[in-house]
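Take a look at the structures below.
In what comes next, chain A is part of two complexes: it sits with chain B in the first one and with chain C in the second one.
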Partner chain A sequence: MPIIVNLDIMLTKRNMKSKELAEIIGITTANLSILKSGKAKAIRFSTLEAICKALECQPADILEYVCAE
Partner chain B sequence: MTKNTLLNIAIIVCKFIRFFLVIVFIGLTTFFIHLQVDRSFYKGKEVSFNFKDYNYSSLRKWKVNPKSADKDVYVFGDIKTSSLYLNYVKYVAILIVLFLPFKAFQKIMTSVKEVKTFEQDTIKAFRKIGKYIFAYFLLTSYHSMTFKFGGYRGTSISLTPLLFVLLSFIMAEIFKEGRLLKKENDLTI
Partner chain C sequence: MKKINFLNGFVKILIIVFMIHFVTSIYLTFFAPDFINISDEFHKNSIFGYYTQFMTLTFSIITFIGLIFIQRGLGITIKNGFFNKGSGLKFKTAGKLFLISGVLSLIFDLMIAYQSENIVLFGNLGLNLLLMIVGFSLHIISDIIQNGSLIKQENDLTI
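Now for the complex of A and B:
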């Protein structure tokens, strides 16, 4: 998928663990893992909003478009 | 009526029908054995041909002596042993292909009750039901019975089972789509 999820980078920058983030935004660690691994088919605005709030960042800091060609 | 009550009723009905089919099988086997042991008991019992429910019928009756009455020719007591065995096997097979769809349907109801509706097993169960009903359609299409002084043979086709076959396969496709949607929903974070 040409959309890359840079959640790992943001977590390292904020010095936060996946488990902590999952607890803050109210999703399971399994679902967060799906998101991080790029297996997710879609992301809800509410989840994106919660992540941005918890990591104090913009959606563009988490999602990146890479041309497939 | 809550969802679970309705599902529970459906499961109980399925169980009851399966139990009833087992009873019918026992009755049929008892009749099959008794007919061979005491043929004279069935001398006066006429075999009735009721194919009014069929859409298409090419059933042909025949008698050694055309003047003899039906009640003297088509009686259980005069049925030929080979014909009796063939019909017994046929009706047992019909009972089996009636029993198995109810088992599959009960499985579907249980999976819905356990909120595992859109699983691969449910899709398989619907396809199985379709195949069993098609087998039922084939088994009930051909009729043949030979007596000492006559018999009947032919095909009688009813379209109702075919509609159920179609419905089962459509349901399987709907549940397949549902499974894809569920998968997508599960991967939406």
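Now for the complex of A and C:
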């Protein structure tokens, strides 16, 4: 998929663990793992909003488009 | 799910009835041929000759295999929920088998009815058409299940 999820990088920058983030935004660690691994098909605006709020960042800091060719 | 369980039980009973039918047919054909009492003249005149008596049994076997696929599909539905690929594939195969059985039975019954000039035999045609409709419906249902499975998968992977 040409959309890359840079959640790991943001978590490292903020010195936060996946489990903590999952608890703050109110999703399971399993679902956060799906999001981090790029297996997710879509992300809700509400989830994106919660992640941005928790990590104090912009959506572009988490999501990146890379040309597939 | 209660209705699916009921249908599953009903299909299981139907499978047992079919098995009894096969055993009885085989016994009567090979060990008590006088019971059926079909004249040799009838066999000589029919297109399939001696094997005419086995044709309906063959169609029953195809329907029986279809029933087994339905039962397996229902089992998967009970285990994994309505929308999953496994049950969709099983129902699709069952639908194809019912459709094949219905079409072949229809052709066969038309031939027998034409040959014997017996208007009563046309009564079977309705049942064959019903079997074809059931087969086609199963085919459509399996498409719905497979599409539903895809939507469910996407929904599950939406975070």
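Simple rule for what comes next: the second predicted complex is superposed on the first by the 69 of 69 C-alpha atoms of A that agree within 3 Å, B and C clash if a C-alpha of one lies under 4 Å from a C-alpha of the other, contacts with A are read in each partner's own complex, and residues count from 1 in each chain.
Keep this in mind: a contact is a pair of C-beta atoms (placed from the backbone, for glycine too) under 8 Å apart; a residue touches a chain by one contact, two chains touch by 3 or more.
This structure is a prediction, so every number in the text was calculated from the model and none was measured.
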item	value
Touching partner for A:Ile34 - first (chain B), second (chain C), both, neither	both
Chain B versus chain C as contact partner of A:Ala42, first or second or both or neither	both
Which superposed partner A:Cys57 touches (first chain B, second chain C, both, neither)	neither
Which superposed partner A:Ile24 touches (first chain B, second chain C, both, neither)	neither
Those residues of chain A which chain B touches in one complex and chain C touches in the other	27, 31-32, 34-35, 39-44, 47
Chain A to chain B touching residues, read off their complex	27, 31-32, 34-35, 39-44, 47
Residues of chain A that touch chain C when the two form their complex	27, 31-32, 34-35, 39-44, 47
Of all residues in chain C, those that touch chain A in their complex	153-154, 157-159
Residues on chain B engaged by chain A in the complex (per definition of touch)	184, 187-189
